[in-house]
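There are two complexes below, and they share subunit A, which is joined by subunit B in the first and by subunit C in the second.
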Partner chain A sequence: MPPMFGSALISGLVIGGFYSLVGAGLNLIFGVIKIINFAQGAMLTIGAYLTYWFVITTKLDPYLALPFVALVLAFFGFIIQKTLINRVLGQERTSQLLITFGIALAIQNTTLALWGPDIRSVNTFISDKTFEVSGIRVGATAAMALLGALIVLLGLFLFLSRTRMGTAIRAVAQQADSALLSGIDVKKVYAIAFAIGSGLVGVASVLIVPIYDVYPLVGEHFGIISFIVVVLGGLGNIQGAAIAGVFLGVIQNLFAVYVSDSLSTAILFFIFLITLLFRPQGIFVRKMRVS
Partner chain B sequence: MLRKVITVKSKVSRIFALIAVIALAFTVVPSSMAAPAKPKEVRIGLLFPTTGAFALLGTDQMTGAEMVLKWANANGGINGVPIKIFYGDSKSNAAEGATAAQRMIDNDKVDIIIGSYSSGIAQAVMPVAQRNNVILWEVGAVSPTVNSQGYSNFLRTVGVSKTYAAADYDFVTKFLAKKLGKKATDLRIAIANNNGAFAASVGDAVNDLFVAKGLKVVAKEVYPSTSTDLTPLVLKLKAATPDVLFLTPDAPDSLLFWKTAKTQDFNVSALVGSSGIGGAGFVAAFGATGVEGVYDVEAPALASMNTSGLKSRVADLTAQWVKEFGAAMGHPCAVHCGDGIGGTYTLVTDVLPRALRTSNSFSASAIISSASKTNIQDGGTPQGFGVQFTGTNSATVGENTKAKSVIMQWQSGALKVVWPSNLATSTPFAPMKTWDQR
Partner chain C sequence: MTTSILSIEGITKSFGGLDVLKGITLEVEQGSITGIIGPNGAGKSTLFDIITGYQKSDRGSILFEGENIAGLSPHLFARRGLIRTFQLTRVFPHLTVAENLLVFADGKNSAGAAGTKDKAVELLEFVHLIGLANAEASTLSYGQLKLLELAQVLMHSPKLLLLDEPFAGINPGLIDKIIQHLRDLNKQGMTIVLIEHNLPMVASLCDSIAVVSNGIIEIVGPPDVVVNNPRVKEVFLGG
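== the complex of A and B ==
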C-alpha cells in the first residue's frame, strides 16, 4: 500500500471514528426521543473542557478522565432531558428544535465566559509516540482514539441488543405507546437514552482533546458533521451511523489527498444533499435500528 | 433751518445704525457657520470578534486598541475632548459584524468604528460604515479585497497581504537562500493556506510575487479553515519535498498543522508561518524546543521588538502598554495586540487632533481630510513603521503606504523580531532542527 494512501486512509478512519461516536449518540437520541439534538457539538466542547480541567486539577493523564467525563456528561444529558426536553415533548417541532439550539448557544457562551477564548493544550503519556509500518505513520493518540471509538461503539451495540434496558430502549424507539402499555417507564427510557447519547460525546471528547486542543468551538464542526452521519446512516440507525461516520472520514481524507483539499469538507455536504434527494432513508438502513 | 439739519443728521444716524446692525448680523452668522461649537466628545466603537473562532487574537487586538483609548482619555482626550468608548462583538462572523456595526451606529451614535481583526468581517462592516458616513479605522484585517470598492470612509493602518509577501521575498532572497546554501531561484518553496479571507489573501500574494520573481514554487495548497484533519495537507506537502514552507493558517489549525507535521515526520529547512504560529498558544502547546526556529511573518510583536529606533516618547509609551497588556492578559503583547495599539495610536495622536484643530469636528469628512495630511515617518508609531494614507484619487483608498511586515522567529520560547535588522532583537538562524533532533 503506498504510504500516502495508507496514511490518509488511517487518519480518515480516525476522524471517522469521532464522527461515528458523536453521530451514534445523536442518532440514539433521535431514534428514541424523536428529537434532534443541536447541542451535540456543544456538549463535545463541555467534555473537552472537563477533560482539560481534570488534567489541570489532578495532574493525571487525560485518558484517566474518561469515566469521569463520560459520567458527568451522561448525568448532564439526563438532567437536560428531565428538566427541559420533557417539557417540549408532544409540542410542535419548532419548540423541540429551538430548545436544543438554545442549549447549544448557552453552552458555547458559558464556556467562553468561564475559560475565555484561549486555546489550551493537553498532552498524554503517548503524545510523542508514533507508529510506522512501511512508511505509513499514525500517531499513538490517533490510534488510541480509533481503538476507543471501536470499543465504545461495540459496547453500545451489545448493550442495546443484549440487556433488558437495551431492549426497553429499542422497544420505546419502535413504538413508545406499546412500550408504555407493556409496563416500560417511557420517560425514564427517554432520559437514559439522552444520557447514553451524551455519554458517548463525553467519550469522544476525551479521545479528541490530545489531538485537537481545547477551545470554545472545538465541538462545532463535529456537531455539524454528525447530522450528515445521521442522515447517511439512516435516522435512528445506530449501526448505520457508526458505518456512515467512518465512511465520511475516509472519503473526506482520500478526496483531500487525491482530488482537492479545499473541497474536502464541501464534498461531505454534497453527499448529504445527494442522500437527502435520492435516498432520504439513509444509505446504511438494513442494519440494526433502534426504531 | 436748524430743525431741518437736526432731522437730516438724525436720519443719517439711523441709516448708519441700520448698516451697523446689518453688518454685525453678517459678521456673526457666517462666523458661526464656519466654526461649529467644539464637540463635547468623540464616540468610538471597538468592533472585534471577542467570541467565536477568532476570539483569541481578536480579543488581543481589541485590548490593545482599548488601552490606547483609555490612555488618551487619561491624558486629556483629544485636545480636551473626551473619548467615549463603545464595545461590539462581531462573533467571528461577517454578518454578525455588519449587524453589530449598524447597532453601534444607530444606538451608540459612534463617529468611528475601530476593527476588525478579520478581513471577511471588515469587508462586511465597510459598506455599513460608508452608508452611514462613519469611518472604519481598520487596524487588523490585511486582505486587499476589504476595500476593493474604494470606499472613502476606509482608513487602514496595518499593511495588506502584499506587505507579508514583500517581507517574505526580502527575507528569502537576502538571508534564507544564502543560509541554506542555495540560489534563491533554486530553493524549493511550498505555500499553504486555509481558505479564509485573510489566509487566502496572504497565500495568494506570496505565490503571485514569488512566481513573478522567478522563484520555484513546488506546491500551492489550500485547505478548509474548518478542517478537522490536516494529514492530507501534510502528506501532499511532504511529497513535494520543499526547502521552505510558507504557511498561513488561523489559530486552531496552526496547532493542528504542527502536530500533524510531527506525526508525519514532515521536515523543512524553514517554516515561515503566520497568525496562530506567532500566538502564545503555539509555544504553550509544543514548548520552547517544539517551536524553536519557526518563523512568523506579520506586523511586529511589540513585546519582542527592538524599540531603540522609535522616537523616545513612542518607545516609552510602547513599553508601558506592553507591560500593561502582559499584566492584564497573562501573555505577552504580540502581533495582534501591537496592531490594536499601533493603529489606535495614530488615530488619537495624529488624525483626530488635526481634525479637531482644522475642522473643529469629528465628522467623517473632517477625519478623511485630516488623514490625508498624515505623514508619520518610520519610528513614529509603536509598530515601528510610519503612516501615510493613499487618497480617494488613488487606485487603493485609505491604505497605509508605509506599513511593513517583519520576520520573527521562535528562539528559546520567545518570538523575536529577526528581520529587518533595524527592528531586530535577535539574529535569525536556519535550518531549523528536524523532528528527530527536537
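== the complex of A and C ==
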C-alpha cells in the first residue's frame, strides 16, 4: 500500500471513528425520542473542556478522564431530557426543534464565558509516540482513538441487541404506545437514550482532545458532520451511522490528499445533498434499527 | 358475593363538539368475562383508551380494584395488572417475535429468566408462532400479528385483560382454541373484557354483555337476556 494512501486512510478512519461516535449518539436520540439534537456538537465542546479541566486540575493523563467525562455528559443528557425535552414532547414540532438549538447556544456561550476564546491543548503520555504498520507510520493517539471508538460502538450494539434495557429502548423507538402498555416507563427510557447518546459524545471528546485543540467551537464541526452521518446511515439506524461515519472520514481524507484539501469538507455536504435527493432513507443496510 | 374489579361511573368524552361517550357506567365483576358489543363508531375502543389511560375522559371516574386510576400514565396500568390489546395491532415491527414477548415479561416471574423464556415458548406454541420466533414481526400477516399481540399481553399475566376485537383476521380453526384458552385463564382468576362484533361468539363466551350504542350503554346483562332483546336482535341479528 503506498504510504501516502495508507496515511490518508488511517487518518480517515480516525476522524471517521469520531464521526461514528457522535453520529451514532445523535441517531440513537433521534431514533428513540424522535427529536433532532442540535446540541450534539455543543455537548462535545463541554466534553473537551471537561477533559482539559480534569488534566489541569489532577495532572493526570487525559485518557483517565474518560469514565468521568462520559458519565458527566450522560448525566447532563439525562437531566436535559428529563427537565427540558420531556416537557415539549407532544407539543408543536417547532418547540421540539428549537429547544435543542437553544441548549446548543446556551452551552457555546457558557463555555465562552467560562474559559474565553483561547485555544488550549492537552498532551497525553503517548502524544509523541508512533508505530509502523506495513510501512505506514501511525500516531499512538490516532490508534487509541480508533480502538476506543471501535470498542465503544461494539459495546453499544451489544447493549442494544442483548440486554433487557437495550430491547426496551428499541421497543420504545418502534412503538411507544405498546411499550407503555407493556409497563415500560417511556419517558425514563427517553432520558436513558439521551444519556447514552450524550455519553457517546463524552467518549468522543476525550479521544479527540489529544489530537485536536480545545476551543469554544471545537464541537461544532463534528456536530454538523454528525447530521450527514445520520442521513447517510439512515434515520434511527445505529449500525448505519457507525459505518457512515467511518465512510465519510475516509472519503474526506482521501479527497484532501488526492484532490483538494480546501474542498474536503465541502465534498461531505455534496454527499449529504446527493443522499437526500436520491436515497433519503440512507445508503446502508438496516441491520440495527432502533426505530 | 361478587366484587367489582373495575367500576366505570359516568364517563363522558367529546372530540371537537362530537359526543362520543355520553355517560358510560359499567361494573365488571372479578373473575368474569364481559363482552362489549355495538356498531362501529359507538365508542367501544374510546372506552378502552380511557380505561387504560391512553385518553383522558371529560367527566366520570374509573376504579380498578377500588382505587381511582384516572390520570395515571398507561405504563402504570400494566404494572398494576390491567392490560389491553388494540383494534389495529401495535407490535414492535423490527423486534423478533420472541423479543416482542420478552418486552412484555413483567420481570417478576418466580422462575427467573429461564421461567420467562419457558413462558414465552409456551405462549408461542399456543398461538402457533413458535416456528417464527426469530422472525421480525414486520414479516407476519395480519392474523399472525393479532396472535402475537394476544401472546404479548398474556405474557404479562394480567388481573384484568381488555381485548379489542381479538379474533379479527384469525384462522377460524384457531379461534376455538383461543376461546378455550381464555376460558381456562378465566377459571384461573383472570377477568376479561372483550370488544367483539360476533354476537353468537360473545354470547357463548361471556358471563355478561354490554351493548354500547350512541355513546351510552343501552343494555347490560346475561347473554340470554341481551341476545333476546328485540333492539339487539334488530341491530345484530337482522331481526
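The criterion applied here is as follows: the second predicted complex is superposed on the first by the 288 of 291 C-alpha atoms of A that agree within 3 Å, B and C clash if a C-alpha of one lies under 4 Å from a C-alpha of the other, contacts with A are read in each partner's own complex, and residues count from 1 in each chain.
Going forward, contacts are C-beta pairs under 8 Å (C-beta built on N, C-alpha and C of every residue); 3 or more make two chains touch, one makes a residue touch a chain.
All of these numbers come straight from a predicted model, not from anything done at the bench.
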{"item": "Touching partner for A:Q174 - first (subunit B), second (subunit C), both, neither", "value": "second"}
{"item": "Subunit B versus subunit C as contact partner of A:L150, first or second or both or neither", "value": "neither"}
{"item": "Partner chain in contact with A:L84 - subunit B first, subunit C second, else both or neither", "value": "neither"}
{"item": "Partner chain(s) touched by A:L97 [first = subunit B, second = subunit C, both, neither]", "value": "neither"}
{"item": "Between subunit B and subunit C, more extensive residue contact with subunit A", "value": "B"}
{"item": "First, second, both or neither for A:M165, with subunit B first and subunit C second", "value": "neither"}
{"item": "Touching residues on subunit C, where the partner in the complex is subunit A", "value": "52, 54, 73-79, 83-84, 86, 90-95, 99, 102-104, 106-107, 152-153, 156"}
{"item": "Touching residues on subunit A, where the partner in the complex is subunit B", "value": "4, 7-8, 11-12, 14-15, 18, 108-109, 112, 116-121, 130, 137-139, 142, 211-213, 215-218, 221-222, 225, 249, 252-253, 256-257, 261-262, 264-266"}
{"item": "Subunit C contact footprint on subunit A (complex, rising order)", "value": "164, 167-168, 170-171, 174-175, 177-186, 289, 291"}
{"item": "Parts of subunit B lying in touch with subunit A, wherever the complex brings them together", "value": "50-53, 55-56, 58-59, 195, 221-224, 226-229, 231-233, 235-236, 239, 251-252, 255-256, 259, 262-265, 276, 279-281, 284-285"}
